[in-house]
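Each chain carries a letter (A, B, C and D) given by its place in the written order, and its residues are counted from 1.
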Amino acid sequence: MAIRIFITGGTFDKEYNELNGELFFKDTHMHDLLEMGRNKVPVAITTLMLIDSLEMTDKDREWIVHQCRQCAENKIVITHGTDTMAETAGVLAKNIKNKTIVLTGAMIPIKFGSSDGLFNIGGALAFVQSLQPGVYVAMNGRYFNWDNVRKNKDTGIFEESK
Amino acid sequence: MAIRIFITGGTFDKEYNELNGELFFKDTHMHDLLEMGRNKVPVAITTLMLIDSLEMTDKDREWIVHQCRQCAENKIVITHGTDTMAETAGVLAKNIKNKTIVLTGAMIPIKFGSSDGLFNIGGALAFVQSLQPGVYVAMNGRYFNWDNVRKNKDTGIFEESK
Amino acid sequence: MAIRIFITGGTFDKEYNELNGELFFKDTHMHDLLEMGRNKVPVAITTLMLIDSLEMTDKDREWIVHQCRQCAENKIVITHGTDTMAETAGVLAKNIKNKTIVLTGAMIPIKFGSSDGLFNIGGALAFVQSLQPGVYVAMNGRYFNWDNVRKNKDTGIFEESK
Amino acid sequence: MAIRIFITGGTFDKEYNELNGELFFKDTHMHDLLEMGRNKVPVAITTLMLIDSLEMTDKDREWIVHQCRQCAENKIVITHGTDTMAETAGVLAKNIKNKTIVLTGAMIPIKFGSSDGLFNIGGALAFVQSLQPGVYVAMNGRYFNWDNVRKNKDTGIFEESK
């Protein structure tokens, strides 16, 4: 069965607006990344929202939970802003069992030259295929259980929270 | 314990010689890739050789086996040319037990704009952390057991051989 | 004699701060660009300031005029934010005669993948070598006299103002 | 009137064939480059041939001369392999007067990350707009008269031949 990929936004998909110098969302770059990676794992990509994760509401997270629960696939990758990725992971873990869900994102927009996005999506797709059911964050080459992860705001690096 | 990364060459590390228009090896780009991916998994990188895998000899493969066996780490990623990656995987599997070894590479040199190398190394690092001991090939977002993989020469895609 | 290159900032040299998602200045990327372009025209690069051109003051422009006047070279390229590039060109034209001064910049930061910066600096260096003394803006592959140029705020394109 | 751009091939437009590891021609990348540069100079692009300049024959050069002579535009940019760029410039100069013709190319294919192609085309377009009628080579940020240029085979740098 295919792997479901849900897009929620975050730095991963931000673009530079050359008229006003601000970052904005237009569309996901997931298809381009998977093509660049010559990915042949069957995937089904759905864009749930394209927002900065600092602006993600409880309602948004309910929607993500709902989509993860109702989709046919039991292996799910979610792209997500890094600032509240751990929080969303917690909400998912409390509501969904028996599926392997891996959240990932990027520190640098994919559209910018030196993004970590391609590395991270390569890792997330691998982890979702090989880890036991559960909710995980995959960043910095590592995976973390949902209840033992935080983003270090000073360094931008994900680390154990316990 | 750190993950051992052995470099053997392949398209992954090829560069363009602007004086004669040929591809050549100078040094591995693994460090740059891991930096771009903001990798924080402890790794120890050793360049065993920098060769086209079509030119890899039995002697070279013995050397790779020897290095994999004698190193302290039991999780090993090997970068390798795609043409004989499956063959080297077979030699490793027959000689080494109790270690997780993941071979990966690239169809496009990392130094060229649209390489799959960053995606592949992200996947290989994830697979080596999460798969059981054994020898695997990680390409195209997928992983293959050493005894069930071949590169389709017409498409450049890795697939099951059975 | 060398061509003098004065750096003043602008989108050209902005970078993405991955900790707070904002754009900022660290250093000029001019040296990298000239190396990528295999430039062999003798140049002397001086960073006068690294600011957004919307924040450029009269005092800043006086400083640029002073530097252009006092430097030994009579061919000068200035990198500058696009929003007030035409204004600075006007100030320079009123104060400096007998030198060829070409202002250029970028709509997309050089550090991002798809910048126009390398194209623009290639053009600016060519124009400064071949145009008569005067003050010009070089953008969009074209050159404009200082008194007949404006940036169209709606399109981001430079055009004649008369 | 528009600037005519004639494409003849060279490293500029080479691509990497990931199935056999060789470089080949598919199509010109000129349109992508001009879009990236936000070029607004009217241009008319014609691909005359896509060949390695070491394989360019007298017949090919006749064809280029014919096209340059018969086209309506009197400002012409020609992309060309670097190895025999100076030779073609000489043939053009002996056959065409009253037009400004600028030959340029690249040391690294545009499709590879670190190409000088965007810088060179930015320069060539600027030189063709500002130089007197004649035949020139524009490389390394400089322009050379057709009768005083050669490529240094050891360094890959263009220099005066006298």
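We take it that a residue touches a chain if its C-beta (ideal position, glycine included) is under 8 Å from a C-beta of that chain, and two chains touch if they have at least 3 such contacts.
The model shown is predicted, which means the values in this text are computed figures rather than measured ones.
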item	value
Farthest chain relative to chain C (centres taken as mean CA coordinates)	B
Interchain centroid distance [CA atoms averaged], chain A/chain C, Å	39
Between chain A and chain D, centroid-to-centroid distance (C-alpha), Å	44
Computed distance of Cα centres, chain D from chain C, in Å	26
Contacts with 2+ other chains: residues of chain D	107, 114, 156
Category of the chain touch graph - line, ring, star, complete, other	ring
Chains touching one another, given as label pairs in label order	A-B, A-C, B-D, C-D
Touching residues (chain side chain C, partner chain A) in the complex	11, 14, 16, 18-19, 21, 23, 107-109, 111-114, 153-154, 156
Sites on chain C touched by chain D in the complex	33-34, 36-41, 107, 114-116, 118-127, 129-131, 138-143, 156-158
